[in-house]
């Protein structure tokens, strides 16, 4: 299994029936592919849809049914559509049970930076700041390192997305939980040791006695 | 013609095709009965309807199609319905071309009091404060006096509805226009002299040379 | 979303709860729920709604049964019993301009701390409120309202809790549905999932906690 | 509401105008209107929209034609030409969190001076903004946005200007329609008055100034 699949599969295990969930682009989108068959999750797309389904069959796409990237999707039975004010009312108002986003850096206290690299890449924050500030639970899906450097850092050097700490980071190496300003190693991926994670992580991690192996 | 009919008929002459208009309860509601046949006005009801029509035929009332008092109305072709947030977005946001309200007092500068008499009657302001603050044009429909006392006063003794001055008062005696903090007698009702109006009015009125007779 | 019996739904509401109730002069108020609140003898409720309707209608029933200790409403003029209880000090009434009331509720549901409005500036409504100047214009800061329960009435509900409303019975319903910890919905018709077109859903299913069974 | 030809509608827009444009990554953007703006060679526009789409799509066309001097948007990541013009100082870009952007536009359309949001507190977004504390929580005051023109795209329009939108093509459209001095609407289908049910109208006719004829 590649890194992205490990991350997406592990996050899918956090889903529960009835949850309203927003998935960001990239690895987060892949989470939808691993939803257990026995649960029903509502996926929100911030461009104005709850009940986003898979990519339409050949010839069945419609220009008014799209994901946040503008690409065709389907709507499942029970879907609802709405304007952007309502879409962000759902996000900012705490109605979203879970948001899964990509990350550039997460610091030791759980603060996320994921929307720009000054002087290099300024895509804009889109809905990320509202999602992190408003969702009940925030999970960051990202690879543990970039170009050999830890993305889980003592202090973010990139501009923050929000001062509200995220709840969990899932990487291809580990699950890290943030609580009361500190980071705890909760699980390691199959074949990865606690020492491997510590070595790959710049942030100070609390290591409990019972670090479990990630179930995938 | 009785006092109320004079007031309603005169105000109806202010209507123009395409206007979005909100009518308060009482005399203002009667304005709808005098809309000239050659114009099309959109009446808004603040409980969530544009395109309010007359009272339904016997047996055709529906509990979900009502005016702001909860009484059955009809919806004309081209009607639209919406929630209360949208209804007051239209009102507060300056989208209403005209609102016609009843009044308890209007002062010399055009300030209206129409929502309570301390210690006696406290119905609540309902939508009145938003209507007076937000509509493009505000006309007060009221009898000139109450128990022999002028309702057009030097200074309101009752709690204000808004500090935004109304544009016009139409009574059974006169049309008074408010502009730049002063009140001008614009028209007198048939059979009513300028002196009659001055005698019935506590507020200081500017009297131009060309006070016309109200066309009804 | 869970489907529950009327009695069970109302049993969840404790005395002293803060309720938001949909409806405008009783139109669009979940009468079944109101009746059951009266039957179960709830007390000391704070009710946030557009108005107190008339005696025997909508929120008016809760006034007559003396279930309400505080009402936050825009209009009480058509319910003499509300006026009496207010004058006699039996019930506290906070009168809020209608457009301000709906925005304060909306703000609560949308995660906004409040909104700036000119409505009420220079009137008794500005009492104890922060005034904020933006580009030379003075506004009142009107803060968000939240409730423990929202009681909403819809025209159609489906099996996942999607709600659609009819005409002037929509009014406060979709707005209060966003602003409460627990949302209890009653509908004229419960229809299979998929019957309500996505564009006609005004309250998405995940917002609704309990749908009252027929 | 007046019905006008496309060319005539766009001729009303002067160089230097502030435009709000519906659409989300081009979905729900009135492409005909955008094409005509490019054809007429408008310059120095301020564009308020969710994003600048991609080159050749929606607002992206206005970027490529160098019609825009300032963009107020939440996302430009999928349009390299926007990034280039911004980096080279050819176009000013104000990046606004998406939920804040839509609320600032809504505030403009609803007569609110602004709203309080926690989004952006403690980030670069709070720069030069008033901070307001309500019940111990710190919020940013985000002020209302207004435009000279709103360019909206609907699924259905009727002869009095009522508009209804389809699925994810709704997005910013009904919100920008409320916040501009002049509203120009384009629709996939113009249908006789009465065809759109009152409950399915998202933008009431009196809000629309010009409907572009087929």
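Assorted remarks:
Order of writing sets the chain letters: A, B, C and D. Residues in each chain are counted from 1.
Just so it is clear, a contact is a pair of C-beta atoms (placed from the backbone, for glycine too) under 8 Å apart; a residue touches a chain by one contact, two chains touch by 3 or more.
None of the values given here were measured: they were computed from a predicted structure.
Counting hops only between chains that touch, chain A reaches chain B in a minimum of 2. As a whole-number value, the distance joining the C-alpha centres of chain A and chain C reads 34 Å. If you average the Cα atoms of chain A and of chain D, the two centres end up 29 Å apart.
Per-chain CA centroids place chain C at a distance of 32 Å from chain D.
Along chain A, residues 49, 75, 81-82, 85, 88, 91-92, 133-134 each make contact with two or more other chains. Residue positions of chain C touching 2 or more other chains: 103, 106, 110-112, 117-118, 165-167, 170, 198-199. Taken together, the chains touch in the following pairs: A-C, A-D, B-C, B-D, C-D.
Taken in their complex, chain B has these residues touching chain C: 45-49, 62-66, 68-70, 75, 81-85, 87-88, 91-92, 121-130, 133-134, 159-164.
Across the complex, chain A is touched by residues 1, 106, 108-112, 158-160, 162, 178-179, 193-194, 198-199, 201, 204-207 of chain C. Per the touch definition, chain B reaches chain D in the complex via residues 18-20, 42, 49-51, 75, 77-82, 85, 88-95, 97, 133-134. Residues 103, 107, 110-118, 130, 132, 134-135, 137, 139, 141, 143-144, 164-167, 170, 198-200 of chain D are the ones touching chain C in the complex. Touching chain B in their complex are the following residues of chain C: 24-28, 50-51, 53-54, 57, 73-78, 83, 86, 95, 97-100, 102-103, 106, 117-125, 155, 165-175, 202.
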